[in-house]
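Below is one structure; the comments refer to it alone.
Labels for the chains are A, B, C and D, by order of writing; each one numbers its residues from 1.
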Amino acid sequence: MTTEVVKSHLVVAQNASGRNMNVPIYRMKGARPGPTVYIQSSIHGAEVQGNVVIYHLIQRLKNMDICGEIILVPNCNPIGTNIKAGEYTLGRFDPVNGTNWNRGYFYDKGSVETFANTVTPEESIAGIKQRFRQHLTNAINEKLAEPWGLGLAQQLNLKLQQLAVNADYVLDLHNGPVSTRHIYIPEYAKDSAALFNIPHCIFIPNIFAGALDEATFCPWWTLQEHVKSRLDRDVSFDVEAFTLEMGSQEVINFSEGAIDAASIISYLNAKGAFYQCDVKPESMQRIGVNLRDYKTLFTDWGGMVEYLAKPGHAITKGQPLAQILNIDDLDNNNGSKLLNAPCDLIPILHFPSASVLSGTQLYKVFTNYYSIT
Amino acid sequence: MTTEVVKSHLVVAQNASGRNMNVPIYRMKGARPGPTVYIQSSIHGAEVQGNVVIYHLIQRLKNMDICGEIILVPNCNPIGTNIKAGEYTLGRFDPVNGTNWNRGYFYDKGSVETFANTVTPEESIAGIKQRFRQHLTNAINEKLAEPWGLGLAQQLNLKLQQLAVNADYVLDLHNGPVSTRHIYIPEYAKDSAALFNIPHCIFIPNIFAGALDEATFCPWWTLQEHVKSRLDRDVSFDVEAFTLEMGSQEVINFSEGAIDAASIISYLNAKGAFYQCDVKPESMQRIGVNLRDYKTLFTDWGGMVEYLAKPGHAITKGQPLAQILNIDDLDNNNGSKLLNAPCDLIPILHFPSASVLSGTQLYKVFTNYYSIT
Amino acid sequence: MTTEVVKSHLVVAQNASGRNMNVPIYRMKGARPGPTVYIQSSIHGAEVQGNVVIYHLIQRLKNMDICGEIILVPNCNPIGTNIKAGEYTLGRFDPVNGTNWNRGYFYDKGSVETFANTVTPEESIAGIKQRFRQHLTNAINEKLAEPWGLGLAQQLNLKLQQLAVNADYVLDLHNGPVSTRHIYIPEYAKDSAALFNIPHCIFIPNIFAGALDEATFCPWWTLQEHVKSRLDRDVSFDVEAFTLEMGSQEVINFSEGAIDAASIISYLNAKGAFYQCDVKPESMQRIGVNLRDYKTLFTDWGGMVEYLAKPGHAITKGQPLAQILNIDDLDNNNGSKLLNAPCDLIPILHFPSASVLSGTQLYKVFTNYYSIT
Amino acid sequence: MTTEVVKSHLVVAQNASGRNMNVPIYRMKGARPGPTVYIQSSIHGAEVQGNVVIYHLIQRLKNMDICGEIILVPNCNPIGTNIKAGEYTLGRFDPVNGTNWNRGYFYDKGSVETFANTVTPEESIAGIKQRFRQHLTNAINEKLAEPWGLGLAQQLNLKLQQLAVNADYVLDLHNGPVSTRHIYIPEYAKDSAALFNIPHCIFIPNIFAGALDEATFCPWWTLQEHVKSRLDRDVSFDVEAFTLEMGSQEVINFSEGAIDAASIISYLNAKGAFYQCDVKPESMQRIGVNLRDYKTLFTDWGGMVEYLAKPGHAITKGQPLAQILNIDDLDNNNGSKLLNAPCDLIPILHFPSASVLSGTQLYKVFTNYYSIT
């Protein structure tokens, strides 16, 4: 059993030389029916490990019996990938205007509510899904056709969203700065936390801030809530979307990528994407946190810092997070000082440079976290 | 009659060397009572003409009879001013994370509404204003004291807002990329358009997007509306705030700065900031537009472009805006093409570089504009 | 009479997505014999006016009777053209390592001297030229084949130099920051100054610093000198190379480009590149300076500056060059000060931003200049 | 026994706000005579570990009996330290013009030769040293007083060189990108390799390329050679200078810094900088290479890469250096390929980002290396 890989390319931008910039699209369609899956990586140009994960996914999926279709888009931001500033990749935002590459996807709450009002008590789930997908597709197309045009990041985002809008499961592969693996999970899909092999899970509410996962699940979640409140009808559409943070940016690692691919196959298998596949989630400790307890610790000082607390390793209140060097006080006792944890926490990621200004996101940490059974 | 200038410095950040970065504050207090005025410039580091305007203002105000107090903060973003990338100043956003330096001011609509509920039918305007100012001050202080800290841009914004929060009139001096002079005016203060000598006026609604002018007027406007709707009481607080765009970024011009300073004195004089001052607004054509008709024309192509339409000069539908060079088609008829105006319009500003990617803000233009009498 | 334009593309680099980046090459070959001409533009990505000049050249050359061949390579640096940092183009150097894009061309003085020793008293000029061209070609090819590889800028430079090495006349089209038109001319080709319509001419010695013009003329100049000193034989190879600075960076202007194209046609016509062409250099004032008198004025202060002296307009010692704003001294007499010309001079270009650090190249100026008759 | 630390600050630049930027200088003078030592760190802004080394040095030196004087300048480039572009520090070159911050020190070979001609057969070493130091000091002062001014990097370099010019031992603390510890040693001071605890030693010839170590030793080396050749007199001035690469950029590590400090104390102790100090170099394997065998492996492709060979670990010809991902070939066998070592080698450092363009310095490696006994 092998599944064919169909490759195509989609133009998403033009550079200042007038040349097209495109993304590769790999489609793998099974012989049997099943869900549609959309997986992209590297919307933030420096977050490259997901490309390796997609590499491994394709190698494995070739020899698997897929139900439905899996669409894979590695390196989905050809602009962001190629903005070097010094040796690193300035890939989180458009260098022209600072726009985050992951904030321009489309979601119009009002439009979803309008649609929700057209749902009848009798309409089948499949019927609602089909109509709603068309509704969302039309809305994205209309947005892209805006007569005065759109910004670069938004054009890119919407063209990718056109590929994702019909998917049942959407995975957006990211990395943190210096980071342990973690995943953003919409609260209504909480049970899926146990289907990935990812130790740190952040549960997020039905709030849209522009990212692909939100742009995917907010419409369905909102639709579900409106149908519930208007018709008192419980509907479930089984559309899920996640942002997976596959470790640290600026590095790729093939052997870790194979493990990440297995984690994703485990999730997809549980969702019916494969025929006769025995890949199961690993038995492992998973820790959850609600988004409001996923805290960012900003500095109120500038200086140089050693990151003592390592991502993924819990520390208790008062233990050191970091040691700060003050180059103007090397002749006295203030040449170095410790920054201690303000409460029990698990550091998930930290800033990737020792040199920080005041107002830097030094650490992002789990507080009030709990074990997921 | 001379007015003393009291200079101080406020620390707003620390750099990676651990050194304080501060802004200069000039305070000029008159002998007579009157309004409080707050004027800052260069929150976007490349927008430097406002610094020259403040230079001229101080020179003139020294010899004027001020009623109340005028606070002037030139070069109010010492980080943004100093980020060179190539020969230009990368001053519109934090180079670490892309945060626009003019989007982190504080406004909490809910908190304003809560306060509005405490206003009684009998409370004097002066009494409301005093209580509300304290309310706003407390809220900003509380925000700044956030135990997990705040990002660099927000820290900077809030420290500046602390200086502005008690002002009756707030002027935030900016520049466009390549730009004619224009001004953003809250709709409720529409009449003030005729008090400045600025030819192009954009009227904006009571919507907060993070900028200083909005953070200043939204609370008062919202308070006024709530008092009206709850108590059916017409109140006017006479707090106004504007973003003035003093021409193009990356350049300063002393003689134009003197003219800009006269324009501001004209406005402040009309608002009672001076005793026996005869500076009046000039008789000139002023053109207005509603924010929704202030359009951004984005490119859907990349290439090199000559900006044919000049900021401030109206063109009609079909006239050329720009000529585009396509370096891959110099052997055929597509080597150059014209981009024409999609409707009658006045270009206000255009992108400052000939080299553009797709999704570039090529022009911002007035459409459906009208003469202000 | 029309001349065909043959277009091809040359891969000069690969980006981080693994995609080829190429430059367009336009070749126009006449029916009659004549010189080979090589013209490129935009090796510095922000210096884009030369692309328009090449556009106009091709339009005109199509209808001219070319003797020999003209090779035109617009936008010859697809990496540099596309590095945005803020709204401008960070195009003068590789953003990874700071390497100037115009410093990696090949010249090996020792190897030229070795070749010079093989020239006999009887060898014809044509014979020497042919052998030397092969020698240079081999050397560039060998350099490009360096087993450990080469840096990006050098790879780009050498691939372009392969196109230029057989040319008799090489024109490298650049721009200054904010600049009047000027040209770099090797001293031995001084007479060619009068063949272009460019008002400011810098005469440079036989010294190699990495640029294309130097890499082109230094070998021939050195060969000529060695043959003279060794054999006491006067030889002239009539190979010339120039760097033309076509005004200011970051802008293109089609009507000025047409004038620039006429200037180049005038030079090429004088060199025999056209049959029955009556384009002659204009009668105009041309001013020359020796390289050692082309001075760079660096700042020893940081601050904001208005450029009072305009490129191309002579001023005398003591006249103001610039007015400096000091935002920390607006309360006293040091808020603004003038910077005066240290001697009689013609400003040729100035820094393109009002914001300067200490050590900034504020102006480049002609001193001890003279009229060229 | 404690030694006092005398702190001062030296202004080395002004930023665009017109504010002074300074470096901290720590001077520790012993009661006994002895050599003068100069140590600086972070001339490249992202190379910060040396600052921690200086922190530890000062802590230890406080309690040691110094002979002579030790001058320590941490964070010696306040501009480079503070240029963020994304989360990293763009610290290797001036962001305005690409100038490497470590290429503007002063050395004039001709001037050294002129001085060498004034040395007589009888002049004492001490006498020559004193005169030559004055000669060098005058030359640097004269250069800094250049009437047309100097570029920012050169101003900074020369002001630091004024501090270093009288030192007998100069240590410039750097970091590589992702790097093992290594040191540049002038060939004439080869024996000092065994005095540091640094495993990888690069022996460099008497060639000046602008760096501080070269600017320090080239004059003395050249002087020594000229005195030898002119007077046939063997002189030794015992002036040594080194560039120490203390691991990877963008990170600081306090415990490694303590080890680095011990290594430096070991060297200085051997040179007589301490009284009754028993710190000795460690017994360890040290590997040497001549500069010509320290190779840079450039890519001739762009793509994403996993660095398989780790800095400091020898590999043999044909073993894999790196694995390359090609995101456009995930459907075939070219999705990933290995890059193998072209010969036996020790990787010393590699590029710090997985994303590389063609022409990237992928690895720097020792070839033809040998054990130092």
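The rule we apply is simple: a contact is a pair of C-beta atoms (placed from the backbone, for glycine too) under 8 Å apart; a residue touches a chain by one contact, two chains touch by 3 or more.
Keep in mind it's a predicted model, so treat the numbers as computed, not measured.
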A-C or A-D - the one linked by more C-beta pairs in contact: A-D
Farthest chain relative to chain B (centres taken as mean CA coordinates): D
Interchain centroid distance [CA atoms averaged], chain A/chain B, Å: 35
Whole-Å gap separating chain A and chain D, where each centre is the average of the chain's CA atoms: 42
Distance from chain C to chain A - Cα centre to Cα centre, in angstrom: 48
Contacts with 2+ other chains: residues of chain D: 15-17, 19, 75, 81-82, 84-87, 89, 92, 96-97, 304, 327-328, 355, 357
Touching residues (chain side chain A, partner chain D) in the complex: 5-7, 24, 26, 45-46, 48, 51-52, 54-55, 58-59, 72, 74-75, 81-82, 84-92, 177, 250-254, 304-306, 323, 325, 327-328, 330-331, 335-336, 351-355, 357
Footprint of chain D on chain C - complex, ascending: 13-19, 79, 85, 92-94, 96-100, 147-156, 295-304, 326-328, 342, 355-361
Partner chain A, residues of chain C touching it in the complex: 15-17, 19, 75, 78, 81-87, 89, 95-97
